[in-house]
Amino acid sequence: QAPVTLDVLYCFPSFARFHEPVAKLFMDANPGIRIAFRAPAPSYDEGHQTVMRQALTNQLPDVFYSGFHLLPELARTLARRGQIIELDALLAAEGDTFRRENYSDRILALGRVDGRLYGLAFNASNPILYYNIDLVRRAGGNPDALPTSWDAVIALAGRINTPAEGINGIAYDVHGWPDGWLFEAMITQAGGSLLTPDESAVGFDNEIGLAALRTFRRFVTEGGMQLIDWNQSRQQFGAGKIGIYAASPANLAQITGLVGDKFTLRTHVFPITDQEKGRIPTGGNAAVILAREEAKQRAAWTFLKFVTGPEAQKVVVEMTGYLPTNLRAVGEQFLGPWYRANPNALTAVRQADRAGPWGGYPGGNNVRIWRAQRDVITLVMRGELTPEAGLARIVAETNALMRSG
Amino acid sequence: MLGRIVALVVLGLGGAVMLLPFVWMVLTSFRPAAAVFEGFGASAFIGFENYARALTTAPLLRFMLNGVIVCAGILVVQLAVAIPAAYALAKLPFRGRGLLFGLVLAALCIPIQVPALPLYLGLAHTGLLDTYFAMMFPFFLSVFAIFLFRQFFKSFPDEIIQAARLDGVGEFEIVWRFVVPAALPAIAAFSIFSIVAHWNDLYWPLIVITETRLAPPPLGMLYFRDAETGSNYGALMAGATIITAPLVLAFLVARRRFIEGITMTGLK
Amino acid sequence: MSLALAAPAPVEPFALRIGHAFAAPAALLLALIYIVPVSVLIWLSLTDYILGAVDIRFLGLDNFSRALADPVFRRSITNTFAYVAIVLPGGVLLGLGAALLVHRRIRSRSLWEVIYFLPVTSTLIAMATVWQFLLHPRLGPVREITLALGLGEVAFLSDPALVLPTLAAIGIWQLVGFNMILFLAGLSAIPRDLYEAAALDGASGGIDRFFRVTWPQLGPTTMFVTVTTSITAFKVFDTVRVLTEGGPAGASEVLLYVIYLEGFQYFRIGYAAALTLIFLAFILAFSILQAAALDRRIHY
Amino acid sequence: MAAIGLERICKSFGGTRVLRDVTLAIRDGEFLTLVGPSGCGKSTLLRIIAGLERQDSGSVTIGQRRVDGVRPSERGVAMVFQSYALYPHLTVARNIATPLEMQRLTLLERLPLLRLLSPRRRRIMRGIMAEVEAVAAALQLEGLLGRKPAELSGGQRQRVALGRAMVRRPDAFLMDEPLSNLDAKLRVHMRGELADLHRRLGATFVYVTHDQTEAMTMSDRVALMLEGRIEQLGTPAELYDAPRTLAVASFIGSPPIACIPVRLEHEALVAAGTRLALRAIPDAAILGLRAEAVTPVRHGTPGALPARLSRAENLGAEWLLYATLEGPAPTPVVCRLTAAAHDAARDAGLLGERLWLLPDPARALLFDAEGRRLVAEPLRTRIGATA
Amino acid sequence: MAAIGLERICKSFGGTRVLRDVTLAIRDGEFLTLVGPSGCGKSTLLRIIAGLERQDSGSVTIGQRRVDGVRPSERGVAMVFQSYALYPHLTVARNIATPLEMQRLTLLERLPLLRLLSPRRRRIMRGIMAEVEAVAAALQLEGLLGRKPAELSGGQRQRVALGRAMVRRPDAFLMDEPLSNLDAKLRVHMRGELADLHRRLGATFVYVTHDQTEAMTMSDRVALMLEGRIEQLGTPAELYDAPRTLAVASFIGSPPIACIPVRLEHEALVAAGTRLALRAIPDAAILGLRAEAVTPVRHGTPGALPARLSRAENLGAEWLLYATLEGPAPTPVVCRLTAAAHDAARDAGLLGERLWLLPDPARALLFDAEGRRLVAEPLRTRIGATA
């Protein structure tokens, strides 16, 4: 077999820290395949744009790691042009056992668009809450029984909040988040969904949507949240001046570093209102194959299997705090010891059974829809718009944009 | 005396505002992660650890080399194109001179974002994406340089040019033998403009470059600035310090000529 | 003498032909980099082209009428003008002020020049993080100042009312040094005997000297600085993209950012092209207006 | 050495006609000065000869050759500019060497860096430098060869510019106000040096100036230009003593000639109510009196014009008396006296507030209403040479 | 009107001493010219009087008042600059009005925009404009009041600068080479205008120039400066006829005075091997001969110096003969002849290639080896010579 070189594009240059070693492991294991990384895209959005542009000029990479929320749009556009590979057949060819041992259905669902498998989930995360235990104690909270409902979270945050010392209760930065992840989380944890079952309109034009907006507003009014940039929130939490902070487990490594030994850091599950239907959206990215030549497609499939395999996932998870996307990775042979040493990382795994896909809107207007929704959410959180009026506006604007796409 | 003190105080305050971000940048580059947000007070100091990390996490030196190649390439072509054109506009009568100058003035107002998309499509069509050329091409013509040099050349004495013609010096030789040496301050001034603009440009390289080995310095900063898992602040600041330093040095070296050059181009 | 002898026979002097040769590379590049792309842009603006789309429909001026009715675009125009309205006077006047103060320093002059020029060399991506920290309402050093001034905590980057002025202040921070250098060059070209004449005429105070000599003499510099500053201000993009992404609630969405979103995020190239042309029209009109207004004040 | 011929040269810039049909034959080896007020087209004419500007019509010959369309460097002329036009970043030696380098080195040998590779270049440069040194010696520039122009005084720069012109051994030197940037003292000195140089080289000199003193003192012949035309061509003495028009008379001579309106009354010239002791010529309308053509005389001297003294300037060696003729139209008149003559007149009491000025019949000039000079018989011989 | 007193003024720039102990009393209403070579400190001295520069030591009085430390605008002097220093953005009227605006308007009324609010300002401005118009009329600038300086000719700008100085009715006018930017013709004309102005205004004029003609023709007294010192102060005639040193004699007079080395032999002066017909004075080392102090005479005339004619310049009204004395050390000598005298001498055959030059005993100047002039007895009054 002639050596094959795969052009691989991933987002976030800093992910080089695990992509590079994973690729090295892969090449050691598969001497016939060389991995050549393209200059990483600065973000999911920009990676997405780059690929869309390159589709026009036939310069697509062979493998691309697409953000889950942009995958549907990417897959649909490229499928129309015949520039993306469907993975169902390839996976089926590996046999049922292989599939069952490695990928849970929930994880596979993350890579499906319109029922077809286009990507294998590589990084996955669902929102968790970071707690400053020192502040929790001071506010009379029990560090070993952290709240599991939003009311309790807000109550605790309210007690932590001491503006005189520059300490805020909570930061749930949905108003500044670059995508709709945290918003969607608040909808789905209450058993709601983004879309109506026929995907023709928004599905949260109801009590659930209203409750979400009310909760957001309560963060500010009762929980002592200040409306600042989401990066600034993380900085402030790291500096020990925020009690509760909602973010991705992927931030664990950085936040642990920022905290140092200034205070005790603990993570806890994302509260779930509807214990029955409640779900939390999974963020992260899936690897897709865009190669055109057969040899490359085959090599790419080998690569995809590897990066979603346990050895690779061990590397990734240890470095970031992401959820492993491989079933075997959690095992004693791989991540078991590490999780024991880093209990904070376990939170994400503990709520993994609640993980659902991170949905998008049909029509290819996702970025624009989130920008519109975010503006309204900001106004609601600032109190310039009642939750009722805000919801009406979000629903109207989203429906309109879904149709105009 | 009082006026002097007031002036110094005002200048000092302004200078502090100018410097503050840089001071914090450099301070942070020497701090461990846990001490990053501790303001300007004394804090833990970890020496050059962040610098070491900056230089190993991303091939910063390679990026800087790319930056040098791109800036130098752009500058050389800009000068090679703009100097003769400006000379022609200032000193040589030819048909279409007025039109050309009008177009130059109009182009002066067009930022790169305007022709970016058609340029991208054109480069893609010719298979030139992912080359140094693609990074440099849109900047090969600096209408600003043409404008600046024309102002300068206009004040260059006609009589020297005529003397040179009488001495048998060819027109092209006149330019590089007599006009260019006299224009060195203006060229220095423009070079600073050009290098500052292109060293820190991120917009265009992001569009046309996919290969890491061609990336310019600001792209290197992206390796430390990360929206998804959080930035490595110390290394980010160390990297920023590293890539800013050459510009500051360049300004220090060319400062005299730079100011002189602006004065001489008659922008005064 | 015969008529033939007197008839004009001279060959074109060399200089006439070489003019074309010298201007040719620039003209060629001008065509390739500006004229052709802008023409393509004009054509695109009349279509509904979406990146990757296979068929293109001709729309006429629909994109333009839609743009002018689009509240997002209209807000971005307002925002851009507000931004320019702060950065233009701020950048020019502070640059002038700094130049006036620095010009008089004899020994420390180069030190001040370097300090004020530093921001021009800054790398925005790193500076964004710096600003986020410095302006942090809880952690940042600026908090001490706002508290001392009795303003309480100010969320510079997150308050819709403050975000544009804040971005403008950062824009000014980056620009002042550059303008100062230009003004310094202008100041050093003012003949000394004008000041002496003014002193003899009784204009010995700083204010009189400034309004009688300095300011009028700086006419051409002011014109150049004003035009370049306003173009730079109109082009504001980087800080918005890196620091605020147009937020909060669209309060910092500016023209180029909206164009960028339409073209590169939503891939609606035809529409983005129309927006780009409107943007270009603004910038050209603004430059011409300024040049005309300032031209009347220039005396050499 | 070469004669230079200009044949019906016309030149316009935009709409303004700068040269109108100029025809001029400059003799081989002659020192010819083009003089005239600012803007009359002197420089333009010179640049057309040099080939730096192209005439609209007409032709230029240098030696036997028609040079229209010939490149400036191939016309065999050298030019010295008002501003010297030295190459500021080259040493004096290299400044002077430049024309020879251009002639003798190939393009490759002139390129920076590359040129260092050529041994032939070194040999040629040695030859050139020897010539440069010879020229420098002739101009007393030996000690300055290593300096840059900025380190030279005005007079030295002037000489370097001359050296650069001389080194090519041109057939003709063209000089455009070469002395006007020098101060008065140096100007007088360089005037002598230039005249000397002309004598030594024997080349044709075409010299442009608006300073009539320069024109008068250095030239074999002077061509006075007015508004793009050659108004008069002749020796300096001819232009001074026998101007063809009032315009020429007014331009030449300092202080300027006094123009006194005269009438013919009963076959005699009358000015300011006074019958003049001058030969009357029909059509005479204006009497031109140079400062040395009037002397203060005693009240009552026949033909003396009454005047009022307004100012007396003592120039050391001589005095200038500024007076105004009395009469219906007050006309200014200047009278020049040597210091000795002045003292004598003063002692004789002739220089009161009123004085009487007697025109010298031999030097008085008469013009008709159009400004053409009227010549009575005796003078005709003097201008015969000009025609 | 005011006298100006300078008392032991010293001034250094860095290490160079520019003024060394200058003491000078300028009389009320006098036209005093500071003349001297470039760099001798004239401008510096003027600027010290104006208050634009501060002396290191010494004091300045204007009128009866010591003005050290008084602001320039309050010293009662006005200054006219070489470059005119007009405000380019103001009309002629506003240029002239500026000093009055500064005197009569408050700071608020002078500020842009704000000033439009003040009705008082409008009233005052009307008064100022009336004065401006009067000044403009005196300088014949009436038609130009609305123009900007860029739209004026050199002479007009000059007059505006004068107007701006005059409108303040200063006690003294200080002028720093006000004519040096004008062309020769205009310079002569403006010279007259300035002298006239001085007479009309009766104010003290301190005038700086390095042009000795200007100094000679306009001044009541001339102060000749050399290297930061006042070398001689006196009337123009004193400086010309009775220079105190050889330096003064060399600076004043054009063409420059000839300096001939002489020896005392047997109680007689000998130069170039010839016994001179001049009264011998002990210590005499140099004989200074101005161009009008020698005449060509017949070979064999006693006391005539043998010379070789190198060049003859015809200036129209007069001739300059450049000659070199024969002898061991060839010395250049210039001889000035009126056109008439020249023709006479030529006709007499005195102007061959060799000529004999006879010094005029009444005009010959003798200096000792240090350059101090030697005076036999009080300068005697001249006796009339033939015109």
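Letters are used for the chains, namely A, B, C, D and E, taken in the order the chains are written, and counting of residues starts over at 1 for each.
Just so it is clear, a contact is a pair of C-beta atoms (placed from the backbone, for glycine too) under 8 Å apart; a residue touches a chain by one contact, two chains touch by 3 or more.
By chain, with names taken from UniProt: B = Carbohydrate ABC transporter permease; C = Sugar ABC transporter permease; D, E = ABC transporter ATP-binding protein.
These numbers were taken from a predicted model, which means no experiment stands behind them.
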Figure out the least number of contact steps between chain A and chain E, where 1 means they touch directly. 2
So which chains count as neighbours of both chain C and chain D? B, E
Could you tell me between which two chains the number of C-beta pairs in contact is largest? B-C
Return the chain whose centre of C-alpha atoms lies at maximal distance from the corresponding centre of chain D. A
Would you kindly tell me how far, in whole Å, the mean C-alpha position of chain E lies from that of chain C? 54
Rounded Å distance between chain A and chain D, as computed from the means of their C-alpha atoms: 91
Taking each chain's mean CA coordinate, chain D and chain E are separated, in whole Å, by 26
Distance from chain C to chain B - Cα centre to Cα centre, in angstrom: 16
For chain C, residues contacting two or more additional chains: 14, 129, 133, 136, 139
Multi-partner residues of chain E (at least 2 other chains): none
Contacts with 2+ other chains: residues of chain A: 53, 56, 178, 231, 235-236, 239
Residue positions on chain B within touch of chain C in the complex are 3, 7, 10-11, 14-15, 17-22, 24-25, 37, 39-40, 80-82, 84-85, 87-89, 92-97, 100, 103-104, 106-111, 113-115, 117-119, 121-122, 137-138, 140-141, 143, 146, 165, 171-172, 175, 196, 200, 202-203, 217-218, 221-222, 225, 231, 233, 236-237, 239-240, 243-244, 247-248, 251-252, 255, 258-260, 262-263, 266-268
For the complex, give me every residue of chain E touching chain C. 47, 50-52, 71-74, 77-79, 81-83, 85-90, 98-99, 102-103, 107, 110-112, 148-150, 164, 168
Seen from chain C, its contact residues with chain E in the complex are 191, 193-194, 196-205, 207-208, 211-213, 216-217, 219, 297, 299-300
In the complex formed with chain C, which residues of chain A make contact? 45, 49, 52-53, 55-56, 77, 81, 166, 168, 175-176, 178, 226-229, 231-232, 235-236, 239, 241, 365, 367-368, 371, 374-376, 378-379, 382
Touching chain E in the complex, chain D uses residues 38, 183-185, 188, 191-192, 195-196, 210-211, 213, 216-217, 236-237, 240, 252-256, 290-292, 295, 311, 313-318, 320, 322, 336-341, 343-344, 347
